[in-house]
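Here the structure comes first, spelled out in structure tokens, and everything after it is commentary.
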Amino acid sequence: MEDVVIRTLEKVELRDPILVEGLPGVGNVGKLAADYLREQLPAKPLATIYSKFFPPQVYVSEEGIIRLVSNDLHYWKSASTGTRDILVLGGDYQGISPEGQYEITQRVLDYCHDLGVREVFTLAGFAQGRVVEEPRVLGAATNAGQVEAMKKFGVIFSRNDPGGGLIGASGLFLGLGRLLGMEGVCLMGETSGYFVDPRSAEAVLKVLAKILSVDLDFTALEAKAHEIDRIAQKIHEAESRSSESPLPSGPTPRDDLGYIG
Amino acid sequence: MEDVVIRTLEKVELRDPILVEGLPGVGNVGKLAADYLREQLPAKPLATIYSKFFPPQVYVSEEGIIRLVSNDLHYWKSASTGTRDILVLGGDYQGISPEGQYEITQRVLDYCHDLGVREVFTLAGFAQGRVVEEPRVLGAATNAGQVEAMKKFGVIFSRNDPGGGLIGASGLFLGLGRLLGMEGVCLMGETSGYFVDPRSAEAVLKVLAKILSVDLDFTALEAKAHEIDRIAQKIHEAESRSSESPLPSGPTPRDDLGYIG
Amino acid sequence: MEDVVIRTLEKVELRDPILVEGLPGVGNVGKLAADYLREQLPAKPLATIYSKFFPPQVYVSEEGIIRLVSNDLHYWKSASTGTRDILVLGGDYQGISPEGQYEITQRVLDYCHDLGVREVFTLAGFAQGRVVEEPRVLGAATNAGQVEAMKKFGVIFSRNDPGGGLIGASGLFLGLGRLLGMEGVCLMGETSGYFVDPRSAEAVLKVLAKILSVDLDFTALEAKAHEIDRIAQKIHEAESRSSESPLPSGPTPRDDLGYIG
Amino acid sequence: MEDVVIRTLEKVELRDPILVEGLPGVGNVGKLAADYLREQLPAKPLATIYSKFFPPQVYVSEEGIIRLVSNDLHYWKSASTGTRDILVLGGDYQGISPEGQYEITQRVLDYCHDLGVREVFTLAGFAQGRVVEEPRVLGAATNAGQVEAMKKFGVIFSRNDPGGGLIGASGLFLGLGRLLGMEGVCLMGETSGYFVDPRSAEAVLKVLAKILSVDLDFTALEAKAHEIDRIAQKIHEAESRSSESPLPSGPTPRDDLGYIG
């Protein structure tokens, strides 16, 4: 079979479209943000991406219907002339080998390039290894102009973070995108790295919404964040009761990972 | 060499054939069921499948004759006009890498599509992590119509099982099959996951025989099930005598595996 | 680069040549035997085989000269009309991945097929997991006629050994060779599996020499066997002195490996 | 995507150019030496090498600008007619799989061959597993003439080192280079294997500068070596104070690695 199979579901003409990528990774921040953006715009199905570099797996719905694991592109056409169209890339997995990461990213970028994409935003989490009360949004970009532009939206460019660079789709979409002449920005929400983190996703998405000039209702995402807070609180209380150890009980972040997203 | 080599042993014309897949996996349920079906029909050799994604291994028979590991297609032509022909896929191994799984499955499906296959049944075990006295048959399917049809044959569609989806050939034959326009069903026999489980295979095959309207003699499979029961019983007794521990002594199922078959 | 690169060093016409394969594996029996055969015939260099499925490594000679790891084909032209020509395949490594094993074996077989090879002998060790005083030579073959023919040379065909089949080049050359219409035999010298075993290689080679009707001087191989015996004896004595444990001190053979050669 | 992508930044004509390779490896000796050579000549950017066999990673500069991981070729044109031009290969990573090592090395060699390269120097560290006060420079070469020529520059050719050969790019550039008709030498600076070792890089580069007849200012490299010395000294003192154990406290070199560079 082909390494990567892209099935187009609908032929569309897009106006100067922007690609927004958010796949599973640290704290699932990128995926949560991209999925929420897709639902809120709302964006329509454009293409499904299958690959032998994903796990050999199908998901089964509650009704018993199977679905092969995939990535998916959705599109949103702006009603106003001042706003650009948006493509959202989400999915079940990143490629499960380094080669697979490159192959899938390259093919999706080629496909998006044909659709007119010249600018990419990638969304991800940045693991701090400690509880983060008010997650900041860190950035990395393909050129100095975009760094300056992003600072105006409150994006933090830190001298030292992310120190080891970006590993995974969020970095690769920018790195390979540049070779195709695309410019781009990675927006990273701070997160502990211990939990799925909708609060960090919300922080990322609020910045992105301003950048893209789209209005989003964050009620559902905030509800999800409160839900996770409650769960974390219960775990914390249970641990306090059952243990007399003064040591922190969360898993220690793996230093060597740096950043994957 | 080609990634996957399919050697056709006989040219046949088949009438609306159904593909039944059963390869090694959890409790070896799928393989036991498919092998037994092949013997009981009986089905004749149609094609042998070799691949560099299988282990680099030959088996040696009791007479000292070697045989390269493979998958194999057998066919059965129905005598009555009301029944469809059947293809049975069995073999020594599933592909040993994720990419290999995709490549082999795709090539076999393409081959079967050329033979007229438009419907696939995949057979597998579903590990419950506990002894299962009366194995139920769980299902997953490619469309809602087949879910309803299967329920009439006693197949259980559970909201939560299999939670993580299906990993391996039994899922992939359905997932990739759909991209070729094939519909299909996965039948999963409940099993502990600790033993090769002919009783679970029997449960699966009894449902499949009804669906396919074929008569099968289950005597030999039941004998095998009794044999395994006796062995399990002896192990249990030996453990009871030698140990005073009240803890269960079987291996703990690995939660992260979910389902492989 | 090509997956496998074969550099022909000399163009030769061979008379009904037999391929003898012996690569590193259990007890290094196959490699020892093939290398010794090559030296004793003596066989001349015919082709060098490089592959990206070997380790990315060069060896350095005592003089400081590097050499890329490879497999190598040597040829021997028989002086008498009654004896067939011989090709000997040896080398530094087997392919280091399952796919690599298949790719290299297939390419070498294709190359040898073009040279007229229709019969293959593969040489290997069979790990018994215990000290073997007088190594027997076990066999496996591609057809019943060869099984019978080999028995006359003292080759043992055991109902149960090798139970898990043959893993690696010695099996694959027969398995893939059959698909090219080649017949073949694997000769396995019993060995403990703990040491490099020239005595087992000698047993294998004595049988092979009779089969091929070639005269070999075994003096040097026997000297090597005595050398290993002396080393093993010294280790044994040192262990007896330093330890009061009555337990065997050698490494335990890994049961799951079965056979690799 | 292509396995290896080479982007030419400038078209140049070179006079009998020599390739100098230095990539990350033991003590980072090869990379330190090649990077320093590039800065001191100074050499100009010629081509950037991307590959799916590198990690799927981008680096982020202190200004927040991303850069896809790569290898890089720089060139230096000699002003005097008596000296040859030089190509320097450096980069972030070696290929991360054996196959990747072969593919990248082959492609870079083909590219350099087209530029007229017929001679290669590879730079590496040789781990001694103990502190090395005055690092010697060990050598390996593609022919006896070069071994003799190198001895005159003080390069040591040891009977036993490196015993297991050279693993990685420094060996492979010579081994695959020979198949393209290139001759070459590997220069290995002795190093403990515990630290990044600019002193060993300096030793290697001093030899290379003499061989290539280029003048280099070693001030900055010596400063870096002193810096590492100070850090090592502090660690040593801290360990002496906090521990009463007389045992060496550095990590034990892994014997099985032999040499990677």
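First chain written, first letter: the chains are A, B, C and D, and each begins at residue 1.
Quick note on the criterion: a residue touches a chain if its C-beta (ideal position, glycine included) is under 8 Å from a C-beta of that chain, and two chains touch if they have at least 3 such contacts.
Please read these numbers as outputs of a predicted model, since none were measured by experiment.
Trainee: Which chains make contact with chain A and with chain D at once?
Mentor: none
Trainee: Shared numbers divided by all numbers used: is that above or below half for chain A and chain B, i.e. same or different?
Mentor: Mostly different residues: under half of the interface numbers shared.
Trainee: Centre to centre, using CA atoms, which chain is the farthest one from chain D?
Mentor: Centroid comparison gives B as the farthest chain from chain D.
Trainee: Roughly how many whole angstrom separate the Cα centroids of chain B and chain C?
Mentor: For chain B versus chain C, the centre distance works out to 37 Å.
Trainee: State, to the nearest whole Å, the distance from the C-alpha centre of chain A to the C-alpha centre of chain C.
Mentor: 53
Trainee: At least two partner chains per residue is the criterion; list those residues in chain C.
Mentor: none
Trainee: What's the complete list of touching chain pairs for this entry?
Mentor: So the chains that touch one another pair up as A-B, A-D, B-C, C-D.
Trainee: Would you pull the chain D residues touching chain A in the complex into a rising list?
Mentor: 1, 5, 7, 50, 52-60, 62-69, 96
Trainee: Would you mind writing out the residues of chain C in touch with chain B in their complex?
Mentor: Residues of chain C touching chain B: 95, 98-99, 101-103, 105-107, 139-144, 147, 157-159, 162, 165-169, 171-172, 174-176, 178-179, 186.
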